[in-house]
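One chain, subunit A, links the two complexes that follow: it is found with subunit B in the first and with subunit C in the second.
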Partner chain A sequence: MSAALADVEPEVAPGRPPEPRRRRRGRVPLLVWVFLLVPLVVELFWVFWPAGNSFSLALTRWDGIGAAEPVGLQNFLDLAADPIFRTALVNNVVWAVGFGGLSVVVGLSLAVALNKPGPLVGLYRSAIYLPMVVSLAVTGLFWRVMYQPGGPVNAALEVVGLGSLQRQWLADPEVALGAVLVAAVWRQVGYIMVLYLAGLKSCDATLEEAAAVDGAGAWQRFWRIVMPQLRGVNMVVFAVTVIDSLRTFDIVWAMTRGGPYNETQLLSTYMFQQAFTTGNLGYASAIAVVIFALAIGFIITYLARQARTED
Partner chain B sequence: MSALTLGAQQPQAVGAAPPQRRRRRPARSPWLHVVMVPVTLLWLSPIVFVAFVAVRSFDDIAARGLGALPASFSLEGFSTAFADGGVLRALGNSITVTAFAVLASLALSACAAYALSRFAIPGRRTILLTMLAGNLLPPQILLVPVAAICESLGIADTRLALVVVQVGFGIGFYTFVLHGFMRGLPVEVFEAARLDGAGAGRIFWQIVLPLSRPSLAALAALATTWVFNDLIWAMTVLRTEAKFPITAALLNLQGGYASAWNVVAAGSLAAAVPTAIVFFVFQKQFVSGLLVGTNK
Partner chain C sequence: MFTNLTTTPVTRRQLLLGGATLGAAGLLSACVGSPRQQGGSGASGGTGTVTLQSSIQDADPKAALEALVAGYTGAKVTLNSVATEQFRAQLTNYLRSSNPPDVLTWYAGSVARAYAAEGLLLDVSPLWKGDGACAGYSDALRNLSTDADGKQIFVPQNYYWWSVFYKKSAFQEWGVQPPTTWDEFHALCENLSGQGVAPLANGIGSTPWMASGWFDYLDLRINGAQYHRELLAGEHSFTDPQVVDVMEEYRRLIPYFDRNMASYSAQEAATPVAQNQVAMYLVGAFATGYFPEDQREDLDFFSVPVINDSVPTAEEAPTDGFFAAARTDNPEGALDLLSYLVSPEAQQQYIEASKSSNLPTSPDVDTSSFSPLVQKGIQLLNETQEITQFFNRDSSDALQATADTALTRFLAQPDDLRSILEEWQRAAEGVFSS
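Up next is the complex of A and B:
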């Protein structure tokens, strides 16, 4: 990594002999060290140190009051046999796929539709962005209102003649997770659309025009010309979606707290419940370690991309 | 960075548009609007419905159901939420915590970004990426130890702890974004300032910070919504209801007024208003804030 840095360095001061560079390196003022070290220490103390602690806590049984009792890998063995953990894990996979898939399909379609400026386009875009500013907890409450028996969703189904589909959306184990997912997607689409709008703007328009002249249809142009140019955005969206999915907590907590019968439990909600409702801090830390293990690959993917663009 | 380059490209694209646009106009059929008007209305419908519920009286909701259109107009939902539900106090908590957390984390991040972008600090790229990595970690891996640390520092259940935790967790991302921006500032400005005898501190204060205003504004808009909307840190650090920010307070409100949907809806709307204002006033900064760190 530092080798790459050395390659960049000369470009910063083009046409300069290497001598001033060495002089600059030798003279990092004390104040600048303070500038760097204070934030760095804050982050090390509040992020990296606790993260490290979670790993050692995961190997203990601890109720937060007495001393932590080391139990080796017992927590992980218990997890493997825990049916709620298994539900949470499966739900998290369903969540990542559904959340990512739906928000990409809707967000990308809207981005393509609203890419070119025109009358009302700004208004449409603002409307799609708007849910993004509503917190996930409040989004959850909004949709709790929507999903109530006798609430707007059921009333709307009645009006359009689909009354047979009415149900207690958040109390029905079969559809509760999907109902929460819809609410989360509603909020996420704006963000995905922003990312794709930016990606579309940096696409080369002449390529598409050339393809149009050659007689390629709109569908063909999109998949063959535009999509390949969006590869970078797709990567970011993919990594962000998975990382977000593993973090998802607020909206589920606000809507169902993991119920009914743990059917909407995700890893994060189950972890929180174990830690702060039940007080099994060691067991909760083991779940946190599993979440970390699942996320780390995607974090590295994202970081590697950032590192490349840093050059 | 990318947000700014994109912003710069926009005028060109608009400038080059007229000849194409004339050609494309037939293609811009009413179909876009035929599809988008219902989609937009559908998209806004949850917000509209919650607003309807918030201004209906409890009796109206009880008699005609949640899904009915309003037949009454009453602000009793708001007054109950504000007075008995403590929504006003919770909003105050949220605003205080957000203001301090955003200011402190941007100040610290700006310092770190300046050091990393303009000085030959050994291993600076590794430091930068490590800091960013800290922000990408799932918060779940931090919750239990952070609660324990707050306990042992004696700041458990204080708003200060919430601010400090938010700062620690946010710094990595903000530093990364500001570093990208500050690195792009022209070298000539620095050389000139140095020739005039300005030290590192003065250059930072008088040159770098003013020049970084656009990216600071974008990050501030973004960070405000993040901190204001947080739930999980608040639930981890705080226990006393009087200290809860609005997100956590609303969940309690929802438990306490389980069937009084007008109160819950009024409280939820009140919680959404501050970030909505930030959004509408700073829409451009907000959107460019979302793009930073994604590089195309």
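Up next is the complex of A and C:
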């Protein structure tokens, strides 16, 4: 992205006389160019070259060792007919909406609730943020214990008299994805809360007081006065959430491996399974291309909207 | 790395970090590889250095293999232990690399023959001739270790049997006897269900291949070993009426399974059996290691009763052992290490230290000191007419994946049998055509 923007730059400023620019460039020490070149070369070799390869691999059948056999668009035709791919696609949408929606709603509510001074507020905040320091893979293992047939979740349901709600949380396809989602949100909420807490701290308290004096209710004050001031934070939270939900892989892999019978497969886990368990690198690359297209499509829409609102 | 780029809009910093990580990984693997290269170049004189790539992960067998390797004096052995699932995924890469590990642990049967057919396995027939380490092994083991060209490519070290395991004390407590016919088996399951005991244990959560245990046995009992082998070789369709019969019989067992089986692994499924909450477990003899030490004497087993008495008796007896890479730069060293690993003394030491109920492949191992359970296992396998391995070993790891999906879905949604079998056949055709 940054490279593309740099290319565009001269065209955005066509009015500038070329003379002083050349002189400025001449003054840039060679060392700086070296510093810029080295990461560029590293990035080209380690990132763009393999990424470009995944596009050409998507048009082949390849087991990773022998010669890749070109098959044209066959991989994509196979994908269109692949029921597991369809499940994964739907799951990805469910995941993005559920993960984003839940963590923002809960994180914002917690931030608002804990923004007031009170006893032990610091303790609550730290406790809620604590899961964030645990890696997603460990979170997954921890929640697997929670969801065991005789584990804490089922035991708690039994104790409060909701024994009929007991499930095989990770083995029942109807609830498995939701169960993983809860674990992921449990970890994400603290992060979102901290972001919103920072935003709330920078809000101007006098505006809210003035609104209160003018007779605005708490709900009105929150939506009309506080929320508009949180616009910057909202953007950060939005970006963080979308990125985190698109790259989800580890927690699903640690908890269900896409099972039972592929019902909790995400595009990322299905791609990994195809590439590194089954050894269909061509097919896996085709999935990677689809994920790339989705991500790029999303980013372009988002940037376009951003540009419009800023105009 | 391209996964990172394509799934997420990453920042430049993350990309660089990723690049640095990859670079570090490359350096690390270079470090891992270097001792072997040194050994290989110095190997021309003696037997030099040999690399043994092991997929054995259970604690006791792993320690047993380490002890065995430490006792080898022929050459310096580098033992690499790799997690089984990763080993499975990387095995082709290991064998095809220009500087492969010399000796590798794996399974006998179709799965080894498939690698041999690609020319990736070292001819180990010298060990099967004259006074070679495997010369006295049974014909069944010899056939199992022979590839399509008639040369031996596998060196079996131990094997085990599958059966329905139960606790004698628990059966006594419930006042029941092991069944001898299929009807008695169903009556036993009914009886136990009535007493509030789940009759059958299984663990198909993180080990979905366990669902193939009952599939294999029902197919062996209803259609026989010949049909079973042909089915797994792609000569019959999974939508055949014969397979439907097997699945219908499987469906009759579904109410008897532990209702938590979809959440358990193979190992976790043994816990309720140990606690007398579940009665019986169709599993390999390796499972005796899952039970508390003071319960192992209490374990007994019976073979899955005959269903169709017109088919020959058959048991599953998966064989573990070693093969060597065809591209090894030290074939003499590899053969020498293999001879050592499967010598009677080494087999006895390995089996005792691994605390399993596995059986030695060498006829020269003194088995008289082995437990009565193991003696009974040896007898079972000696009396059966046909021996099969297991679903993945009789076919391929890729076909096993199709069975995992089909069978775990079937156990959850038995009414969708027709569409599940059609989907299974489609997936299997994909495996056979690739």
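One rule holds for everything that comes next: the second predicted complex is superposed on the first by the 267 of 311 C-alpha atoms of A that agree within 3 Å, B and C clash if a C-alpha of one lies under 4 Å from a C-alpha of the other, contacts with A are read in each partner's own complex, and residues count from 1 in each chain.
To be clear about the criterion, a contact is a pair of C-beta atoms (placed from the backbone, for glycine too) under 8 Å apart; a residue touches a chain by one contact, two chains touch by 3 or more.
This structure is a prediction, so every number in the text was calculated from the model and none was measured.
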Which of the two partners, first being subunit B and second being subunit C, lies in contact with A:A210: first, second, both, or neither?
neither
Identify the partner contact of A:M227: answer first if only subunit B is touched, second if only subunit C is, both if each is, neither if none is.
neither
Kindly classify A:A51 by the partners it touches after superposition: subunit B alone (first), subunit C alone (second), both, or neither?
both
Contact-wise, after the overlay, does A:L303 reach subunit B, subunit C, both or neither (first, second, both, neither)?
first
Considering only touches as defined above, state whether A:L73 meets subunit B (first), subunit C (second), both or neither.
neither
In the superposed arrangement, does A:V90 touch subunit B (first), subunit C (second), both or neither?
neither
So in the superposed three-chain picture, is A:P173 touching just subunit B, just subunit C, both, or none of them (first/second/both/neither)?
second
Per the overlay, which chain contacts more subunit A residues, subunit B or subunit C?
B
With both complexes overlaid on chain A, does A:G279 touch subunit B (first), subunit C (second), both or neither?
second
Tell me the contact category for A:L165 with respect to subunit B and subunit C: first, second, both or neither.
neither
From the superposed pair, tell me which subunit A residues show up as contacts to subunit B and also as contacts to subunit C.
1-2, 39, 42-43, 45-47, 50-51, 53-54, 64, 148, 150, 243, 246-247, 249, 267-268, 271-272, 276, 285, 288-289, 291-292, 295, 299
State the interface residues of subunit A toward subunit B in the complex, per the touch definition above.
1-2, 4-5, 9, 12-13, 21, 24-25, 28-29, 31-33, 35-36, 38-40, 42-43, 45-51, 53-54, 57, 64, 110, 113-114, 116-118, 120, 123-124, 126-138, 141-146, 148, 150-156, 186, 191, 194-195, 198-199, 201-202, 232-233, 236, 243, 246-247, 249-250, 253-254, 267-268, 271-272, 275-276, 281, 284-285, 287-289, 291-292, 295, 299, 302-303, 305-307, 309-310
Complex contacts: residues of subunit B adjacent to subunit A
2-3, 6, 9-10, 13-14, 17, 24, 28, 32-33, 35-36, 39-40, 43-47, 49-50, 53, 65-68, 108-109, 111-112, 114-116, 119-129, 131-149, 164-165, 167-169, 171-172, 175-176, 180, 187, 199-201, 204, 225, 228-232, 235-236, 247-248, 250-251, 254, 261, 264-265, 267-268, 271-272, 275-276, 278-279, 283, 286-287, 290-291, 293-296
Complex contact set, residues of subunit C against subunit A
1-9, 12, 15-16, 18-19, 22-23, 85, 89, 92-93, 96, 205-206, 208, 259-260, 262-264, 398, 401, 404-406, 408-409, 412, 423, 434
Please output the residues of subunit A touching subunit C within their complex, sorted ascending.
1-2, 39, 42-43, 45-47, 50-51, 53-54, 61, 63-65, 83, 147-150, 168-173, 243, 246-247, 249, 257, 259-262, 267-268, 271-272, 276-280, 285, 288-289, 291-292, 295, 299
